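Paired with subunit B in one complex and with subunit C in the other, subunit A is shared by the two complexes that follow.
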Partner chain A sequence: MVASVTSFGRNGLSDWIIQRFTAVVLAAYTVFILGYLIYNPELTYEQWSGLFACTAMRIFSLLALLCIGAHAWVGLWTVSTDYMRSTAVRLSFQAFFGVVLFAYVVWGIQILWG
Partner chain B sequence: MLVSIYRYNPEKDQVPYMEDIEVEIPEGRDLMVLDVLHLVKAKDSSVAYRRSCREGVCGSDGLNMNGKNGLACITPLSDVVKKGKLVIRPLPGLPVIRDLVVDMSMFYKQYEKIKPFLINDTPAPAIERLQTPEEREKLDGLYECILCACCSTACPSFWWNPDKFVGPSGLLQAYRFLADSRDTATQERLADLDDPFSVFRCRGIMNCVNVCPKGLNPTRAIGHIRGMLLQRST
Partner chain C sequence: MENKRPVNLDLTQFKFPLPALTSIAHRITGVMLFVGLVFLMYGLDLSLSSEQGFAEAKALFDNALVKFIIWGVVSALLYHLVAGVKHLIMDLGVGETIEGGELGAQITIVLSVVLIVLAGVWIW
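What follows is the complex of A and B.
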């Protein structure tokens, strides 16, 4: 048993499930947005802001935003533990991207609900 | 034919280097790479490599031939030689002891970790522990592993974390005992594997399946282990 205190879900199984689940949500969100853009070639600002004003879309967008944060953390954590041998470099990398991802999530919420 | 061989003798060489040796291949015959190594050895007896059974059973001559891992004794030249040149290197990712001989300690340590033996605390029956043909069938494609290390040394996850990631070979063996109806330590075995590295460092790129000289599928076994871990925890 190899312990790890910096992984997202603290154990391999939850990290793995989180990554799979978030990938499905992100794929669904991407397909929806692309589909919406393709079926509305003459999209107006009112239509676009109307889409994001409805509660269902806000829930979906917020879910996708949180999923990006979790998905990116699992991925970056994996990359850092693969390629960064020095503990100081690895921890700094993880701390830096932890803050960046947190900032992106807060910024995204502000855009959605602001 | 031109054979380029990885050479390194820690007693003499500062750094490893590639040595080109011209070898006469007999007309009209498709030699195995191991035969070519014998021809090389006849020219330069200082070339070091492991070999034993020379028929793909012992697993001691795992090498990297023109970029792909395999057993030299059962790899025909026609399968690997491109543009008349054969490049032979030791298995990647393991420390080189000399020339094509690698230190397999890390590989064996991971194998040891998965407790590669049957655990059963119930009293032994008078004759043997019986299995139904269906239960026995579950071990097919698992027990055939000869521990040649071709798969684990083709796996980038094993290159980067050989001390933490069990590797495809070890995990294939782990599933061999998880799937065995006679083994009673399933829960303990799963608990030992449930961390971010031992199993889950596998990213499913299937290099292991691509190189296994016995045609086994460690990625599928790893998938089964994930399924069992999931079932145990949800």
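What follows is the complex of A and C.
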């Protein structure tokens, strides 16, 4: 079993399953948002802000946001461990994207409830 | 760790099979989305901030460079989505043979190119 202190779920198999679950959520969110925008070409502010004001959409959006954090962590972790051989470079990059992903999540919460 | 294995991999000497290329593209688009997300989040923030912010976001969208960036991010998203769905289908045990992998990669490319062109038509 692959075990690493910097992997998201502490082992390869749980990272693998997290990647799949979050992928399904993000696929659903992507299809929904693209579908909504295609279906409403003359979108108004009232419609748009009304959509994001409803509880179901906020739950869906926050879920998608957290899934982005987990999904991107696993993905970028995999890519960085494959290509960055130097431990210092790799850990620095992982710390960097960890902070950026955290900022995305906080920013997203602020957008939804700000 | 002592490493006595010879290192003589000359990557320019390799011809990558199609599934290898679609796999590396999946990784590249994933990294692109990590960066591109900042534009989508900014757009969402602006459009939801106020009536005026929504109008500003709409006006921004008239800019050719902004359209191009959005198309780029949407293209990366569509490719990553299609290649990801292919991954999930393969996880179910479908198309795991060499021929299946080749066909899956071909379908991934054709489908995502069609979607990316359609997205371009939609945006412009």
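The rule is short, and it goes like this: the second predicted complex is superposed on the first by the 112 of 114 C-alpha atoms of A that agree within 3 Å, B and C clash if a C-alpha of one lies under 4 Å from a C-alpha of the other, contacts with A are read in each partner's own complex, and residues count from 1 in each chain.
The rule is simple: a residue touches a chain if its C-beta (ideal position, glycine included) is under 8 Å from a C-beta of that chain, and two chains touch if they have at least 3 such contacts.
Not measured: the values here are computed from a predicted model.
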| item | value |
| --- | --- |
| First (subunit B), second (subunit C), both or neither touched by A:Ala23 | second |
| Partner chain(s) touched by A:Asn11 [first = subunit B, second = subunit C, both, neither] | first |
| Residue contacts on subunit A - larger count, subunit B or subunit C | C |
| Which superposed partner A:Cys54 touches (first subunit B, second subunit C, both, neither) | neither |
| Partner chain in contact with A:Val89 - subunit B first, subunit C second, else both or neither | neither |
| Which superposed partner A:Val99 touches (first subunit B, second subunit C, both, neither) | neither |
| First (subunit B), second (subunit C), both or neither touched by A:Ile68 | second |
| Interface residues of subunit A shared between complexes with subunit B and subunit C | none |
| Of subunit A, residues touching subunit B in the complex | 1-4, 7, 11-13, 15-17, 78, 81-83 |
| Touch list for subunit A against partner subunit C, complex | 20, 23-24, 27, 30, 38, 44-45, 48-49, 52, 68, 72, 75-76, 79, 97, 100-101, 104, 107-108, 110-111 |
| Residues of subunit B defined as touching subunit A within the complex | 156-157, 160-161, 164, 191-201, 226, 229-230, 233 |
| For the subunit C and subunit A complex, residues of the former touching the latter | 27, 30-31, 33-34, 37-38, 41, 44-45, 47-48, 50-51, 54-55, 77, 81, 84-85, 87-88, 91, 122 |
